[in-house]
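What follows are several structures.
Same chain, two partners: chain A is paired with chain B first, then with chain C.
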Partner chain A sequence: MNRVQRLLIASTFSATLVVAVPVSADIAVVGNAGSGIDRLTQSDVVNIFMGRYRKLPTGNVALPVDSTTLKARFYRALVNKDLAEINSYWARLVFSGEASPPQQIATIDDVHQLVTQNMNALSYVDGGQVPDDMHVVLMLSE
Partner chain B sequence: MSRLLLLLHTRLALRTTAIILMIVTLLGVVFLALAVYLRAESVQREQQSRIQELLTTVERTAQIGCFLGDRHLAQEVTDGLLSNNIVSAVSIDASDGTTLASGRADPEGEPADSVVREIFSPFEPETSVCRITVAPDQDFIDKLVSQASTFIGGALLLQLVGIGLCVVLVVVRFVTRPITGLSHRLSELEAETGQQLQAPRGNRDDEIGQLVISVNAMIDNLVQSLGEERRLRLEREVEERRYRAIFDNVEAGIFELDSAGFVRSANPAFRRLFDMATGTDLERHPVAFAALVGDGDGATHAFAVDDEAGGYERQWEVALDSGERQRWISLILSPLETGRLQGVAHDVTERKKAADAAEKMAMTDPLTGLGNRRGFDHRLAVMARHHRLYPERCHALITLDFDHFKQINDTYGHQVGDRALCHVGGILAGLMRQRDYVARLGGDEFVVLLEGCDQRSDVEVVLERFLDRLRKPFEVEGDIEIVIGVSIGIAMVGLDTEDAEQAVRFSDIAMYAAKRAGRNTWRFYEPVTQS
Partner chain C sequence: MRRLLPVCLGLMLSVTSVVAEARPLTDDGRLTFSGFGTLGLVHSNQGDAGFIRDISQPKGADKGWSARTDSLLGAQVGYRLTDELDAVVQGISRYGEDGNYRPEVSWAFLRYRPDPSVQLRVGRLGWDVYQLADSRYVGYAYPWARPPVDHFGILQLTHIDGGDVTFKQPVGSDLMLLKLYAGRSSSKIYLIDDLSADFDVDSVYGGHVDYETGPWRFRTSYTEVHSDVGFSGSVADQIEQIPFLALDADTVLGDIFGFDRIRLFSLGTLYDRGPLQVQVMWNRSQTSRHEGQIDSGFVSVGYRIDRVTPYVVASRVETSSTNPDNSDIDQRTWSLGARYDVTTNMALKAQFDRIDTRSPGFLWRQDDSDWNGGWSSVFSLGLDFIF
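Let's turn to the complex of A and B:
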């Protein structure tokens, strides 16, 4: 491999990196396209994901879903807390039974599937990769 | 109570202690009040800050409870807070006004200044989710305060007792004991022997030492003055004895008169002189000096001290007629002090007698015992003075001369002549009154002074009687008798002349006229015959 080829590969790789960073800049809170919800405030999202509200503004029981891969970024953006703090928060509530943490989904595909199939589901995806069949109710900037 | 007062009155240490304790107690009460007040404030503040700390401890849980509206969790927080003994009531109220949880530890506790903490959402720090109101337990606070007060009070009391004991000990040790010891030693000190007071050991250089030095100086002074006093007293006693010896044994009478003329003291000699009883107490029964001297009335003033004129020395002689014999006393009075006269009395009777005798002898004719020329001159001068004072009184001057006296002498000798002179002199003296005077001027010449003889007829009566007696024969010796003849001349002072000397000459002239008239007769002075 000559010197020019190596330079080309390197520049191509770095170009790929440069393009990828702006894509992961925001996190989009998404819901079912047919849920009837157009927009939610950040406060609404906090109340729903932290267990304060059990119902959506439409009156239906909310179903918040945590996407494991984005969870840390999401809570940092939403309430500026790390996962340990969030876990400790929920741990306090385990015995009271008044509220329960959101359902945990490991893969983005499963999240996609759950949100598109359930009218009342709410979750989040990377702001740059929002599928067309998901409705963005709030953009959280990081 | 009265015993305590007495004790305080008599014990310096107790009094000092009581006063100091009183001051310390007063200050202690003030300090205690201040301390309790400050302590209450600080306890209040402490409780507030503890409640704040408690709230901080449960804040996160409360945040979550309130955030979720979780009553169980809120109750958990409330119970947790109430389990602290400084909390009496807790209430958690959500932002919409509903009470999530509340509790009260002591239902009867008084409401105090509550601590209110606003609880914010755990995820949105600007959003208030509820408010926790915590009421502190006032009873507990009061208990704490009272505990602190009791401690401070106890400490102060202990301090008070300690100070009291210390003051008592210090005062007793450093003030009372030295002073008591000093007073004890002072009372046992025999100061008159010059013994000195010793300062207590350890007090030599302080105020007590100075006190001792002052006391010693005073003792020195006293001893010195005592010695001086004693010496003077001894001297005075000696003087007194000396004076007393003189006073008692001297021949002169010594006495004292007061301002009223009373004898206040007198020595034995004086008592003898004035025949006073030796036991007479003059201090108690003063005798008027004038009464002693004799002529009593009003004469007291003569011996009274005239203070106005000032005391001056006086001297005179008085006659005392004590019984049979007359005595003469010489008195000298000199001022002793105000209202006091000292007098010295001498018995001058002998001297007076001797003087009188000498004078009498000088004026007496040794042969007849009648007056002589000198006596006559003296008497004539007295009469002349008297006549000048009382010119209306007349006196007779009689001159007598023997007829042929020379023949008697020549015939019978001088002894018979002398006896004849004595005989005639005796007849004359026998006829005269007390105040008349007979003198032999010399040889056979006699003179008679009749005082107060106003009329010639009076003289004639006397002369008649004289010549009558003279006619009786005078026995010379054996059976020889002779009759003596006398020629007499009379001059009347006041009638013939006013001058006594001239009367002598006139009577002489009249006597010669009688001789011329045939002797053994009398003639009055007649101016006509003379001319």
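Let's turn to the complex of A and C:
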């Protein structure tokens, strides 16, 4: 078996994996590839997206970004809550003037642009469709 | 107005809506507009006294239906000056101390966040005296028709004019939070028949420590309120009209109530994990005369099943002093209700309260001063929304 054949087999194998991932449908929490952050724990991500504590391990201020198309899946996987509960949670913090919710971005392209341009941005994408220029800091299983 | 109109119309028409609370009004997202409201109906079977939501309400809900007790509308405008500095102004229209719906400024402050660990606010702020106290009019934020009256209804202030500072410190995967605040305030509360107390609060200060671990959030807090209290109403007039004694009603009543210096100590726990929500709180307020104190607390348990969250609440308030009088309160309430999330910005609620009033004090409004307690049933329907 020559090198080309091995490469072909390997790529076929990984292509199968890529196809298989959306079935298990995980959510990938992603950041900027150059952010210097390797991994975040689930409680780090809860703290950042729920407005409790927004400091990154690098010391910078995290900029959480909600992707409105995936928002329901993300919060179900992160804190087991639906969007009405998330809005109820934020209503308390916003109208007591204590904290602000993540920035809301409607299209996946805009989320991609924001995360790749801002060193401290964090968002989430479908676990099966992580773009090469985004860095996965946490996988949330659904 | 041309911008507000579509927002209001959108609110009325939206059936399913993916909402971000802060709605940008400008393209750069610096200026935001958002709001909250409640359309509430209360039915009471108590013919001898009027049911109130809190002691700022001059008149209660009499026997039959009333929309006045819980209905309200609030709106907030935010402006982001820099990433660290923003300004927030919030107004509310509700049935409160003036006996009408005249809108008032709830908050108006500058907020400075130089770092995720520190937040400074200056201006008019919510009175964060115990957990949920500064969001008690935001019906969409909690499961109940209204926060338990026995615990939240006795609060004297809604806001302070001053400043606060919050420090956050991670402890492993837990979070510790310290908040300190100080300022001035004013308010009016209604006591027994036709007697109200005007609080001119020279200084109100306090702080709390929160500890958050997993789904738990614990708080312990302490507050002092120093006020000049003026009394008005027919009782005050009668005192001053007593022949030959030349009494000053503020002195006489001030000596009875001891409201010039109130100290509040409280403990609270919130548990929130997946479908289960539990709130447990306790507060002791000490007044400056006759070892007067007000103890209150409640336990609430809710469990979300799809879009419906049924809940039960047990609450209690009791005053004590070495000089008992007819302003003393002793009351327990059992509540059963459910919240139904119609959309992601609108919830319907129904709640049934059985209230065991052993001494109504100033928690009920009564034209017939002979009423000294008994059982009441209060049924509430509410529509809470945010926009």
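Following the convention adopted for this analysis, the second predicted complex is superposed on the first by the 118 of 142 C-alpha atoms of A that agree within 3 Å, B and C clash if a C-alpha of one lies under 4 Å from a C-alpha of the other, contacts with A are read in each partner's own complex, and residues count from 1 in each chain.
We adopt the following convention: contacts are C-beta pairs under 8 Å (C-beta built on N, C-alpha and C of every residue); 3 or more make two chains touch, one makes a residue touch a chain.
Since the structure is predicted, the reported quantities are computational estimates derived from the model, not experimental observations.
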Touching partner for A:Y124 - first (chain B), second (chain C), both, neither: neither
Touched partner set for A:D66, first chain B, second chain C, both or neither: second
Partner chain(s) touched by A:R52 [first = chain B, second = chain C, both, neither]: both
Greater chain A contact set [chain C / chain B]: C
Partner chain in contact with A:S43 - chain B first, chain C second, else both or neither: both
Partner chain in contact with A:F74 - chain B first, chain C second, else both or neither: neither
Touching partner for A:S100 - first (chain B), second (chain C), both, neither: second
Partner chain in contact with A:A91 - chain B first, chain C second, else both or neither: second
Touching both chain B and chain C, residues of chain A: 43, 52, 79, 81, 89, 92, 96, 98
Footprint of chain A on chain B - complex, ascending: 61, 64, 67-70, 72-73, 122-124, 127
Footprint of chain C on chain A - complex, ascending: 41, 43, 47, 52-55, 61-62, 66, 68, 71, 79-85, 87-92, 94-98, 100-101, 103-104
Residues of chain A that touch chain B when the two form their complex: 43, 46, 50-52, 78-79, 81, 89, 92-93, 96, 98-99
Chain C - residues contacting chain A, complex: 18-22, 29, 34, 36, 74, 76, 78, 83, 88, 90, 107, 109, 111, 115-117, 121, 125-126, 128, 132, 134-135, 138, 140-142, 168, 170, 173, 175, 212, 273-275, 304, 307, 341, 343-345, 347, 386
